[in-house]
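So the structure is just underneath, and the comments pick up after that.
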Amino acid sequence: MADLSVRIGALTLRNPFMSASGCFGYGVEYADAIDLASLGAVVVKGLFLEPREGHAPPRIVETPAGMINAIGLQGIGVRRFVAEKMPELRRLGATVIVNVCGTTIDEYCEVSRVLADTEGVAAIELNISCPNIKEGGIQFGCSLAGTHDVVSAVRRVTTLPLFPKLTPNVTDVASFARAAEEAGADAVSLVNTFLAMAIDVETRTPMLSNVMGGLSGPAIRPIAVRMVWECRQAVKLPIIGIGGITSARDALEFFIAGATAVQVGTANFVDPFIWAGLTAGVDAYLDRHGLPRVADLVGQLQIPRKAHV
Amino acid sequence: MIRGAAYTVGLMPVDVLAEVVANTPLAPDYNVLTLAAPAIAKHAAPGQFVMIRTAAGLDPLLRRPFSIFEHVRDADGRLVGISILNKRAGAGTARLYAARPGDRLAVLGPLGRPFVPVHPPAEAWMVAGGVGLAPFASVASALADLGTSMTLFYGARSARDLYYESLFTGLGTRLVLTTEDGSRGEPGRVTGPLARELAARPADRPLTIYACGPTPMMRAVARLGDTAGCPVYVSLEPVMGCGMGGCYSCVVPIRHDDAGGTHLVRSCVDGPVFAAATLDWDQLGSGH
Amino acid sequence: MADLSVRIGALTLRNPFMSASGCFGYGVEYADAIDLASLGAVVVKGLFLEPREGHAPPRIVETPAGMINAIGLQGIGVRRFVAEKMPELRRLGATVIVNVCGTTIDEYCEVSRVLADTEGVAAIELNISCPNIKEGGIQFGCSLAGTHDVVSAVRRVTTLPLFPKLTPNVTDVASFARAAEEAGADAVSLVNTFLAMAIDVETRTPMLSNVMGGLSGPAIRPIAVRMVWECRQAVKLPIIGIGGITSARDALEFFIAGATAVQVGTANFVDPFIWAGLTAGVDAYLDRHGLPRVADLVGQLQIPRKAHV
Amino acid sequence: MIRGAAYTVGLMPVDVLAEVVANTPLAPDYNVLTLAAPAIAKHAAPGQFVMIRTAAGLDPLLRRPFSIFEHVRDADGRLVGISILNKRAGAGTARLYAARPGDRLAVLGPLGRPFVPVHPPAEAWMVAGGVGLAPFASVASALADLGTSMTLFYGARSARDLYYESLFTGLGTRLVLTTEDGSRGEPGRVTGPLARELAARPADRPLTIYACGPTPMMRAVARLGDTAGCPVYVSLEPVMGCGMGGCYSCVVPIRHDDAGGTHLVRSCVDGPVFAAATLDWDQLGSGH
């Protein structure tokens, strides 16, 4: 049994597998089916200060090896989350990371302040990359100044580990990782979903009520792996790799590209019992390769000299 | 292979790599798949559903939701699995139409809130449109166990789309059939005879109505039940990404106050069976 | 039988289906199997001024519902193309569009000049978006000024219809379509491939000799459709939609989103006889919907008011 | 369903939705699939290949290349199809291992340049490593038709990985077997007896060598043939995206001058069979 624990800044996780935000409800939904404490961390659904109703259905549509969602961040607001969900998450021993949303910098700060005062919140993932809301979110994530401003503002209101979640819908994701690093982030999560769209050709209307949504799932994995590798070379920060992970092999790709930990989103919909297989698979790989710690793998991509044509 | 068992408490779902025991074609678009899944059958309540992976690869990626049709027993009466009534609608259901005995499918369940069968002296009317028949085999069987008197109003396009009548009559169900083309039973929609019988029945006899089918049909049944003062329960079929409450794709509008405000709730965990009176039928999309 | 012909600037195509560059060799490879004149146009492999050897193998790797390629634009150079391939393409009645590459603006101009003097070249597709070469290409395609400069320089040396091919690896693809329009393009082709990467976890080396490559195939279609729709609202230019088309239904998505014509790349590898099914499928759709011309579909996406939750 | 026929001239490939007629497992990793594809069988020359879609959906997306193993005939001797010798290597070949009679697979072919069988008095030696046996059933059959005397050097890991010996002996092939674990034939690699017999043979008898197997084996055979002054033809197995010359994924290095310069050519159209002497073996990757 290899050592699967990983450190992300001040935070030590028992293993590098987290649920991706928005793909695991508030965690409690899965508590009867799986042991939440067996996950590296439970990253809960994005939360604003106030409750939010989200978009009208249809909210998802399947695409080849992927899906597009436009949930629109339906949620109960941070205060109800703290009051109604945190007690059970604490009782279950889950390591809880909260995905924080905002339409203004003040809102990001206010939500983070509430969480900073809450027992059992292990870290904050700053959602500056949701493609599904008009105001805030991705507007910050698509501008270097916006990214810097949100991260440094929240940095001032909390000492909790801070993981800005980057959008892949940019020309140079590494520059955003650098902006996050300079603003005082403890790690970066990447990637959020790719802005995408599907059309019902019979009615000539969008498949989603919100017209556009975010593409996730195995389809995007090769792009996400590339972005992790690019950021690995640009920053010292730990990277939390996300995008289309369905198996231990997929997770290993991210570790080797430079991710210290990974999140699983869409694949959890297909297989809610995925977690045991991920840890077992990575453990077996480490044993087979004589590696004592998963942390030894991070960024270990070897670029061979081009010997053979 | 059953996964999740180690973690399972109470009635939580399990994921079974179930063997296809039989595939019975009913029509060019309909079939019944019998799946070896005793662990699911054991805990499945009427109206619950399963999520089935239809491909070995990643396309189609997501599971597809299906009502649990029958509880399947072996010769000794032991529960050995479930069946589903499958209607070909797209890529996933086409694969299930073509499945062959010996194939293995990942089946997750049982999921969702069931229909709660009423006891005598209350009477139960089931209203099924097309593949909306699926949940009623197990509802009828539960009602039969309770000795509840029951009627199935069952409508389809034409005579050849009406299935499993003897299953229901065998359980003592009175059948009222309709077909749109008039090839069997009363011509027209199933809501025709339902409205007539509701108007004609003695007002003092408690009656509960259970409905499943196209959204417009369920909306009409909800209205008829409301007028007649009978509770109506419907099983909705929105698009579902996960079936476990994780994705918030499957929301339906619930009336949360008398001022007409609505609230979106997940039909995989708060449904798929809802009391029709709690739903905001004006806001509810006209289905897929 | 509906009218499948489409107009792109001065060019009229018998139908809106073209082979995508790099996915159909020089066209002649397929001449014995299918009637090249039955395609709207044959877009040939990217050409530089001089022959090019391309990257060492492995050059492709499959990913979920997609593939990554790093061919590196192996090619015979524009002069040998004109001498050796054009005569046969002319003889076969193909409508030929040449994908033009360059490491400098001068090279783009020089290649275009050679083609302008060649009988039977119907249009030039300017490849400013290939992720697989170090110099030129995507460097121009990722900068608004670079895009404008290449397009306007080539515009000055030829009157041939000019279709810059845009990269999807940017934050705001519509601004690049606008830059192309202002510089005098006749249409834009979009999208080229997404920069991506895959790792052999057993050896911890990249699956491609070039480390990174371009993701194509059905996996990317939802992003490509979104980009076509965004550009449709930003420019008046005809759009040539590309990305993951495998069927008439997929092509219809692009027409409805705003593409006047489409190209098929990866799907041609899977099904070299795809063309007849595409035209038959779109024709049947148009008949079923009572539409006399495929051109009537372009940009016909209807956005419903949000009536239902 | 055969597509492409309308456009086909001469020996161009067709795309056939071929029924799986039989699936014969040989070992946990090897099977032979018999495919009803007379239109392909009719034009297939020894050493040519087909591209097969392994999934109904889009994952895996690309076709997989396979040598045409046997030409399959019915009781009346009519060509009815082809077979492939399949080794499980990943997702696609695993699906072909699990294919069942009645399944339908899209099969495109015949593709590529064939092995050209020599006439007597020249002698033919075939050298096969593992699944590299695949092209030689049809090569041997063509050689038998010409009356060419032939030997098959056939190496595998162990006795249970040696297949179809009687097919070859039935055609009059002399067999020289090797296994790495020594459980059958000579212990070690197939190049052992090949080197020995090459050294021992009369120099004036014309001999052509045909080889297929792992790249290191083919490289060794090429060197042995070169030393002995015999022409060697090899069938390469690089990754192929299209099989039609469209994608340039399948390139291999050819020596284009004596100064050691190389040039990359597509093995789907310029191969997969190459004269070993034209290949740049130093640059050629050590295979998958």
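Think of it as A, B, C and D in the order they're written, each chain with its own count starting at 1.
The definition used in the following text is that a residue touches a chain if its C-beta (ideal position, glycine included) is under 8 Å from a C-beta of that chain, and two chains touch if they have at least 3 such contacts.
Model, not experiment: these values are computed from the prediction.
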Which chains sit in contact with both members of the pair subunit A and subunit D? B, C
Per Cα centroids, the chain farthest from subunit C: B
Averaging only over C-alpha atoms, locate the centres of subunit C and subunit D and give their separation in whole Å. 36
Between subunit B and subunit C, what's the gap in Å when you average each chain's C-alpha atoms? 47
Distance between subunit B and subunit D based on Cα centroids, please, to the nearest Å. 53
Among the residues of subunit C, which ones contact at least 2 other chains? 57, 64-66, 217-218, 308-309
In subunit B, what residues contact two or more other chains? 57-60, 251, 264, 285
Draw the chains as points, connect those that touch, then say whether the picture is a line, ring, star, complete or other. complete
Please output the residues of subunit A touching subunit B within their complex, sorted ascending. 22-25, 29-30, 32-35, 45, 53-54, 56-62, 64-67, 69, 71, 74, 217-218, 246, 266, 268-273, 276
Complex contacts: residues of subunit B adjacent to subunit A: 3-4, 7-10, 12-13, 15, 53, 58-63, 106, 108, 238-239, 241-242, 244-252, 263-264, 269, 285
If we count contacts the way the header does, which residues on subunit D are in touch with subunit A in the complex? 57-59, 251, 253, 262, 264, 280, 283-286
Over in the complex, which subunit A residues touch subunit D? Could you list them? 64-65, 218, 308-309
If we count contacts the way the header does, which residues on subunit B are in touch with subunit D in the complex? 55-60, 91, 95, 100
